[in-house]
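Quick heads-up: structures coming right below.
The same chain A turns up in both complexes below, where it pairs with chain B and then with chain C.
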Partner chain A sequence: MGALLMIFRSRTGQSRIFKGVLSGLLLTVFLPILPSLALAQEQQEIVCIQCHSGLEEKYSQPVKLWRSSIHAVNGIACNACHGGDPKDMANAMNPARGFLGVPGEKDIPAFCGRCHVGVTKDYLSSAHGLALGKGGPTCVTCHGSHLVRKVSLELISEKYCTQCHNFERAKLIKDAMLETELLIVAIDGRIEGFKNQGTDTGKLEQSLFAVRNRFHTLFHDVDVEKVKKESTQINGELKKIDNVLQGLDDARRKRKIAGACAVAGALLAGLLFHLLRKTYA
Partner chain B sequence: MKPLKYLYDWIDVRIGARDIVEKELTGYLLPRNINVWYSMGSILLVIFSLQVLTGILLLIHFVPDADKAFTSVSNITNNVPFGWLIHTCHAVGSNMMVLVLLLHMLSVLFMGSYKRPRELNWLTGFTLFTLVQGICLTGYLLPWSQLSFWATTVATNSVNAIPVVGSFLVEFLRGGKLVGPATLGRFFALHVAVIPVAIAALVGAHLFLLQRTGVSTPPFGIKDSSNPWKGDTYRYEEHPGGIPFFPNYMLDDLRSISIYLACFLGVVFFAPHVFFPATAFLPANPYLTPAHIKPEWYFLANYQTLKIFPSEIIGLAIQGAAMTFLALLPFIDRGAEKHPLKRPVFMVCAIGGLLLWIGLTIWGHYS
Partner chain C sequence: MENDGRRNFLGICLGGLATLAAAAVSFPVFRYLAPRSSKVTNGKVTILEKDMPEGEAKFFEFAGSSAVLVRKRGGELTALSAVCTHLGCIVQWEKDKQDFLCPCHAGRFTPEGVVISGPPPKALTKIPFVVTNGTITVG
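The block that comes next holds the complex of A and B.
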């Protein structure tokens, strides 16, 4: 085989033909096997994680926390916030490559606000934002720094709020928003379910995104009456999305009824052919 | 009925239609002990026809362009009238085709129908099995979803394990270093033109060989009344006193086809996503590898076998040897006995192999 190859390799044109023929033959024999070689492919981790994971607790802890964060779920890695070059170990923390490092307390809202523009505006105009630099909370006080939590009503809790003040007023706001939050979570789950089965949910997702954003602006508000009024309006918007989903459910129900008729028709045809066959015994 | 009779007579005096019907339908006799497993071939013909029909309908709206393929499939399933039904029938049908093909091959194996003089029937059937897997693999990429993209990336990458021509083959299959628009173009051409034509030609050859050798007698039930092949000269296996293909066995075929269609439609309407994970409905993203990439169910045993061995080339060699053995089985198993219970070595190997395949498939699914 090796000698044969050498002979064919000596003539470039023939070598290509030989390779083509041999490839075709091998492909025929191995075709049923090849796709099964779906061996899990590990994605190469960025240099920040490679290096920090091996460092002492103080420096490796952020990596551990980040892995469970909403940022990690959405593929937002270290360099998205801290800058730098995630592919070059030597220059990963080079300011010339955009490395920003750790922001000071007053700079945190602007740091996060590079992506979360609208929310930063809401925060800065809220009681929390107005107290920035005067002992008031920053983004990370409630949302965490590396273990960034997904925004939900769970964040308005005794655990987080009592870091600075009592929970009484926050509880009133949370109760007013609870129904809307549950509706959003339920609708989100239903949209996800349809999406996972091939339904084009783009418009529904956009609508829910807009409604959810509007709802989230209330998270930084401390005016109980305003929160109640806005929540009622948002529920109305959510009801419209829910009606569209209901329409999709109805369409699926009709398809299943049609399917049951089709299956029954096929079985009936089978029975008729069977009985007809008996007459030819 | 008179116009029909007139039409039949009109055709008959011109092309001898009655002779053809007498020879190929009413006078075409089959063994009296023929069983339901002999209908698998007819079911496969129906499946293949449905795949061609639904495939042509999908072609009307599908755009084989990496930028538009996913959107066009999404448009078919969401906006085109009955597009969801056509697409689901095509996607579920491909899996059913492999399943019924496996059942057909198993019945041929256990009833010894692959034995001489039917070596060529077996070889064409085995090649058809390979081509069906090929058409499923190439069709997998066309929706340009996360599942398609990454399954194809891994599958084509694995070709590297083949000695000498591995890297050449990878580029040949992909049309470049990576899976991309060129790969989609190649797979599209293979899926809609090259492989269907090859399958149609081989189905024709398979049926021609069946027509020339005659239907094999099942090794069960009443005593064989056929004139068995002796190996000295060509002889068509006749079945004197057998049952006519039309209308008797055609009704049996139609009953089996109806039952198949009931099962098929049951999956299409009530469990259409049983073969497809959520990643099948997300657009391809070359920068985001899904957490678990697994091949289709019929490749899971091969996938698990390769994971067991420390080297890909050893796993490939073992499976290549197994496939070659199976392809050449009629030339290896040359005994005349067809009854499975009178072939203990065959039974042990076949049932052991089948259990091993099922075990590896389950293992592959949960690993």
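The block that comes next holds the complex of A and C.
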């Protein structure tokens, strides 16, 4: 590489070309990762994380947990929930800058509900919500406060439900939801497969998100009959997405057949040309 | 003589192959340029004007997706896609506030579909409609 540089440097005109080519190559290599570098930079700039990361366990643990959460994956940082000014160390926790701090137990549903409005409405009208402040669960009882993960049916488990009551009723709801959940997981996997192969799956992902969200809010009602009734409708919605995926599968299969025919045709044409040429020999 | 016959046969075969190849290339181009079939474009929805009181919204299925027709207080009609531009949830009409709310992440839209607050990156898509003899035809 050094010898190569010497050769290029010996000729000023070529050196300029070399620099141009090198810049182009560097840009080609680094341009795709620039947005993620910018995002990393932006996250480092949030003073909440800078300060809390260096504090004792009680105050630094939320940062650690948040880093593995779905909120972090989607760029929802501390200030999105707790308010305050994430760019000004001195006023980061100033109530005048909208700092809310940690909500009291009764305020938790409203705290989360500023974004998750639909789920909060369902929760508040359920047995869980009606027991708010009287020993009933809040959002963080099941979802956690900082390590909030993408929800699956695994959340309805003895581990969580038996914190307050026995698992019998919850199991009934879980069983009623199982078939639809498996369908959602299977469709999600297929969409991911198409996405990895370069298919534009934006609309399908949106449709599945909407259906999954509607389905998961059902649990917040804690009503087995409602789960069963709505699951039938939701399965119909999932069937529509499944049909679109089936169409993509068919199109891909047809494309493969067409490709095989094109290759076979080209080989046959080559053979025929060869034989034709021989007739002139 | 024998070569002539063989040449003719091979020529016909190659001509056939070339025709097939030309057809294989032209057909997708033609299909892309040709107008859509009536099956796709005729998916119009009709709603009676008397079924749309002021301040109310009516949700319906349009072109395989959820849509909404809203009559503002004052009488003006708007037809919109009901799919939130954030993550694709279906928005809800808040009659008391006269705006749309997405239940997933609290995106809020005006009756014209313009974003008021929340994470949606753009307005709800407008859908064309006509009103004739008391019937609203969407699409």
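Here is the rule we use: the second predicted complex is superposed on the first by the 214 of 281 C-alpha atoms of A that agree within 3 Å, B and C clash if a C-alpha of one lies under 4 Å from a C-alpha of the other, contacts with A are read in each partner's own complex, and residues count from 1 in each chain.
We adopt the following convention: a residue touches a chain if its C-beta (ideal position, glycine included) is under 8 Å from a C-beta of that chain, and two chains touch if they have at least 3 such contacts.
Because the structure is a prediction, the values reported are computed rather than measured.
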Touched partner set for A:240, first chain B, second chain C, both or neither: second
Dominant contact partner of chain A by residue count, chain C or chain B: B
Touching partner for A:210 - first (chain B), second (chain C), both, neither: second
Touched partner set for A:116, first chain B, second chain C, both or neither: second
Which superposed partner A:258 touches (first chain B, second chain C, both, neither): both
Chain B versus chain C as contact partner of A:276, first or second or both or neither: both
Those residues of chain A which chain B touches in one complex and chain C touches in the other: 258, 262, 269, 273, 276
Chain C residues touching chain A - in the complex, by the definition given at the top: 3, 6-7, 10-11, 13-14, 17-18, 20-21, 24, 64, 83-84, 87-90, 92, 101-106, 118
Residues of chain A defined as touching chain B within the complex: 5, 19, 22-23, 26-41, 43, 75, 195-200, 255-256, 258-260, 262-263, 266-267, 269-270, 273-274, 276-277, 280
Chain A to chain C touching residues, read off their complex: 114-119, 121, 203, 205-207, 209-210, 213-214, 217, 240, 258, 261-262, 265, 268-269, 272-273, 275-276, 279
Chain B - residues contacting chain A, complex: 74, 77-79, 84, 127, 129-130, 133-134, 137, 151, 154-159, 161-162, 164-165, 168-169, 172, 247-248, 251-252, 254-255, 258-259, 261-262, 265-266, 268-270, 272-273, 276, 278, 280-281, 288-289, 292-296, 299-307, 312, 316, 319-320, 323-324
